[in-house]
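Consider the two complexes below, in which subunit A is the common component and subunit B and subunit C are the respective partners.
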Partner chain A sequence: MFEIFGIPSQALFGQLLLGLINGSFYALLSLGLAVIFGMLNIINFTHGAQYMMGAFVAWFLLQHFGLGYWWSLVIVPIVVGFTGVVVERLFLQRLYKLDHLYGLLLTFGLALIIQGVFRNYFGSSGLPYQMPQSLTGGQNLGFMFLPNYRVWVIVFSLTICLTTWFVIERTRLGANLRAATENPTLVRAFGINVPRMITLTYGFGVGLAALAGVMAAPIYNVNPLMGADLIIVVFAVVVIGGMGSIMGAIVTGFTLGIVEGLTKVFFPEASNTVIFVIMAIVLLIRPAGLFGRTA
Partner chain B sequence: MKTTSLMAFAAAMLLSTAAHAQISDGVIKIGVMNDMSGTYADLAGPGSVLAARMAVEDFGAAAKGLKVEILGADHQNKPDIGSNVVRTWIDVDKVDVIVDVPTSSVALAVNEIVREKNKVFLISGAAASNLTGDKCSPNTVHWTYDTWALANGTGNAIVKTGGDSWFFLTADYAFGHALERDTEAVVLKNGGKVVGKVRHPFPGTDFSSFLLQAQTSKAKIIGLANAGADTTNAIKQASEFGIVAGGQNLAGLLVFLTDVHSLGLKTAQGLIFTEAWYWDMNDTNRAFAAKFSAANKGVHPSMVHAGVYSAVTHYLKAVADLKSDADGKAVVAKMKATPTDDKLMGKGEIRADGRKIHPMYLFEVKKPEESKKPWDYYKLRATIPADQAFRPLAEGKCPLVTN
Partner chain C sequence: MLDTRMPLLSVNDLQAWYGESHILHGVNFDIFPGEVVTLLGRNGAGKTTTLKSIMGIVGQRTGSVRFDNQELIGKTSDKIARAGIAFCPEERGIFASLNVEENLLLPPQIRSGGLSLEQIFTLFPNLKERLGSSQGTKLSGGEQQMLAIGRILRTGARLLLLDEPTEGLAPVIIQQIGKTIKTLKAQGFTILLVEQNFRFASTVADRYYIMEHGKVVERFENSELDAKTETLHEYLGV
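Now for the complex of A and B:
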């Protein structure tokens, strides 16, 4: 085995793979954010809390209804997405005409309230959630032990990301949606119910966050702050990719996962900071982000 | 002449009342500060305020004519926030004693402020053994446990049963560093070796990359020098990555009851660690736990809560004896002079360096089928007698002892 900068290559391959897996979480979460920002112009700070709700609802389904992981993958995004629809109808739709800042403040406040309520009922140290039996175990790749669950995460997340991109960028539905954000009045003239479409888009973005929450439940500690810890990084990912750019969010999510993974090998203490350093550099050179279109 | 002496007499009277200031402002103010909302909120948090309140009730402060008030605050695990709260508490709210303060970086900052203001600092939640070592203070008592005691209890037990090569996964702040340092010393002393270490940002979420480094190191034991959600995340992911199945073992160096609860016995079973107190050890503890959990959403008390109870009890005893809480150093001196004795932590003493001395216990987490009731998680592996549980006085390099 050869070495790269004093690190055995096999360890490096392992880290690259792990980076890719973490990247798939970033991609899934930033995808939801990008969809919401791109279509609604709302900076959804509640996203972390909605991701956390996803994990909690999965726990709740298992605990009280005996519905396991696979059921959760289907039910949870719908349930949490529905709460998103309620939030959009009650609050967000009043803010579209105002500055971005209002949406940001509202969703940030909501996130604090949701986290506070969950903490009040479930405490802060978290709840146990077992991995589905069929995904336990793993493969010995020679250079590392790869748990089956992580393979599943990467495949599933990639599928969801690409499907979402395809629907929004390449189908008629997506075209209507994009047109509706560009010029709602005109699109309405074609007989399309724009407000309902916007509401459902928000619900969909929230559902994506909840889906990431279900996928995180078996491997991360399910606690009310799990989203708060992650959301800042995810925002950095979105900013680097370019606010509202869907492909940008996906590509940047995976890339930054890898960059962070490598940092964990060469300079672990900086692994929390590296993404923000990149963000600062990108903002200096390309203020609209790597994939963003300058207005 | 006559008026002058009268004036002098009056002044002397005033001075003497000032010297016997009884209870400052007529009320003993206890400030419980900890992480009320973050990763350490269940093992300390509002439960510590509750424990302090129970201590005040059980002490019968009101019947003894003492007026006690308890305040709570959230330091969010940030030394700057913690320092601000404590300064405001002491300067504006006239708080007399600061209690609990988990997160060693915050505790170290508070330690200096309390010394400067001559108040009292009773530490239950924080772990760094520096608090009774190079940073010891005549105003501070370190009550429940410390990194040396954890390292000594868990480290010894593991090295002696064959776990002689270690890899550390360390939270990158004062506490993690102290725990790693103290455990490394124990490992080396017993003839073991440390093959590697990695410092992760606090708080972290994904430990898989660090675990992989630990795996490639081929160390027999992976020592988790972290706490709270960091520890539970690392344990959860270690089981996913087949670390234990691959022949390596985990040593959770600081694990609390609430962490085991959040992991579930299926994942946590077999873990070995050191604690100062467990609710299911005797009837008194069980009675306390029943009352505590009834007021705390069913969450059972951790050793940090028991430590707060015990510390506040002893503090009130000292203040009642002195009939004054004004001079922090005098109160702590009185606390050191009086042997400790309370229903939860039993008989003990406080050493010159501020270290509270009591037995420590080595616990193992039960298998799911061994657990008979809710929160029935530990079985006792060994008791570490009080005289061996903590760092010997001479080794701490505490200036209070050497001078």
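Now for the complex of A and C:
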């Protein structure tokens, strides 16, 4: 046991780890929002509800089909992503020609409905979800205890984030996406089915949210409002990073998680507000966000 | 002169609107396989709108656009592209978020018979040198135009719609584009060219249509050029 700036190492590294965990969720969720915003020009307020749905579907698969965590990591994003595809086909595609505000209102209303329905059936006390057997326990590093599951969350989330970045920035498919973001009319006139690409992009972004939900299930309670609380912070993260920047969303997500963790150590009173304070400052100095391109 | 061949593209009573404004008021013309046909006309005559209407990217259009025995009116632009038409827009449409190579490879191959990358680089050697360039829009105007033409040659489209490819370019580059159009014609491409630069057009075109106020008002063959000089001056004010 040693001290850094008068803080016991145990506390400091503990909070750093917690910060990284939160950062993993911020990054995954703001990445999904950025991908969706880039392509659909819609701020997806349903994102938090879709994250919650991910956790619930994982719980449901375990409860009723005996399908555990590892199955859920694969099945849940597909199932919830598919509900996203349906939402896009039924509602969102009618809004693209209108102001941003309509997409925001629709997705916000949808979030309230989804959360209401889940609360009606499951109450709001929360359901427990078992950690996978293989990831229980942890490492004692001497200066701190490192739970295996948390390490897994950080590594897996980082892998998903960087893979997504790679696909969008470095592959042919990603080039199509970037081009369609810039000039959908021309891309379509080259023979590319842009509407289908938009639908699948929304499904993918929703799938990312659901994946985060599965990863959250063993740590936090599975609870109809779990997304509503988190998503407010994630929107602040997105504002700070800049809408539509993929790498910006990832870096900002992890960084702000860490900043929040450190604030808990050094100035606990501000830990709940620090992200919003940063958001206000960034909005004043760089309204497009740290990584955002001014339109 | 009566033509017994089947036109590759046949535009009949084409009308188009941007929102409330009625822009095309019944455009009629034909293009036969292997031809280079030029649409001439003053600013705002409706040349670009005609190309966009063929391509299916204006708000509303009526009439008939027959291509290769298919009716294209009512089809979405991706289907029209897949029928075998490729479009090079007036503003060139190079993507800032794509590097040069990605810009070049963006339009998908819709059928066989397109040019290989090697053939495209033979036409536009500059493009090969700039392939590693980070951002498509960092190229010079001339290079961007070559990229905009080059990328649609890979697709296997048989009809190319080129909207003012020489606009704002230096004479040497205009020459290079002229040479390219002749090469493409020799390889069997059919080309619909929109031009303000009549002198350039006269070096490549088989036939001309003059547009005014959203209609085709005059048609003549390259052989009638001398006889039509007066008329041309009247319509184009050159």
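Here, the second predicted complex is superposed on the first by the 287 of 295 C-alpha atoms of A that agree within 3 Å, B and C clash if a C-alpha of one lies under 4 Å from a C-alpha of the other, contacts with A are read in each partner's own complex, and residues count from 1 in each chain.
Everything below uses one rule, namely that a contact is a pair of C-beta atoms (placed from the backbone, for glycine too) under 8 Å apart; a residue touches a chain by one contact, two chains touch by 3 or more.
Note that the structure is a prediction, hence the values are computed from the model and not measured.
Once both complexes are superposed on subunit A, the partners subunit B and subunit C fit side by side without clashing. When the two structures are aligned on the shared chain, A:Pro128 is found in touch with subunit B, with no touch to subunit C.
Of the two partner chains, neither subunit B nor subunit C is touched by A:His64. With both structures placed on the common chain, the touch criterion links A:Leu230 to subunit B but leaves subunit C unconnected. By the document's definition of touching, of the two partners only subunit C reaches A:Arg188; subunit B does not. Applying the stated contact rule after C-alpha superposition, one finds that A:Ala175 touches subunit C and leaves subunit B untouched.
Residue by residue along subunit A, subunit B and subunit C are tallied for touches, and B comes out ahead. Using the contact criterion defined above for the overlaid structures, shared-chain residue A:Ala11 touches subunit B, although it does not reach subunit C. Contacts of A:Lys97 after superposition on the shared chain: neither subunit B nor subunit C is touched.
Taking the two complexes aligned on chain A, the least Cα distance separating subunit B from subunit C is 38 Å.
Shared contact residues of subunit A with subunit B and subunit C: none.
Taken in their complex, subunit C has these residues touching subunit A: 55-57, 76-78, 80-82, 86-87, 89, 93, 95-98, 102, 105-108, 110, 152, 155. The part of subunit A that touches subunit B in the complex is made up of residues 8, 10-11, 14-15, 18-19, 21-22, 116, 119, 121, 123-128, 130-131, 137-138, 144-145, 147, 149-150, 218-221, 223, 225-226, 229-230, 261, 264-265, 268-269, 271-273.
On the side of subunit A, the complex with subunit C involves touching residues 172, 175-176, 178-179, 181-183, 185-194.
Only residues 37-43, 45, 172, 198-201, 203-206, 208-210, 212-213, 215-216, 228-229, 232-233, 236-237, 240-242, 246, 256, 258-259, 261-264, 266-267, 297, 299 of subunit B touch subunit A when the two sit together in their complex.
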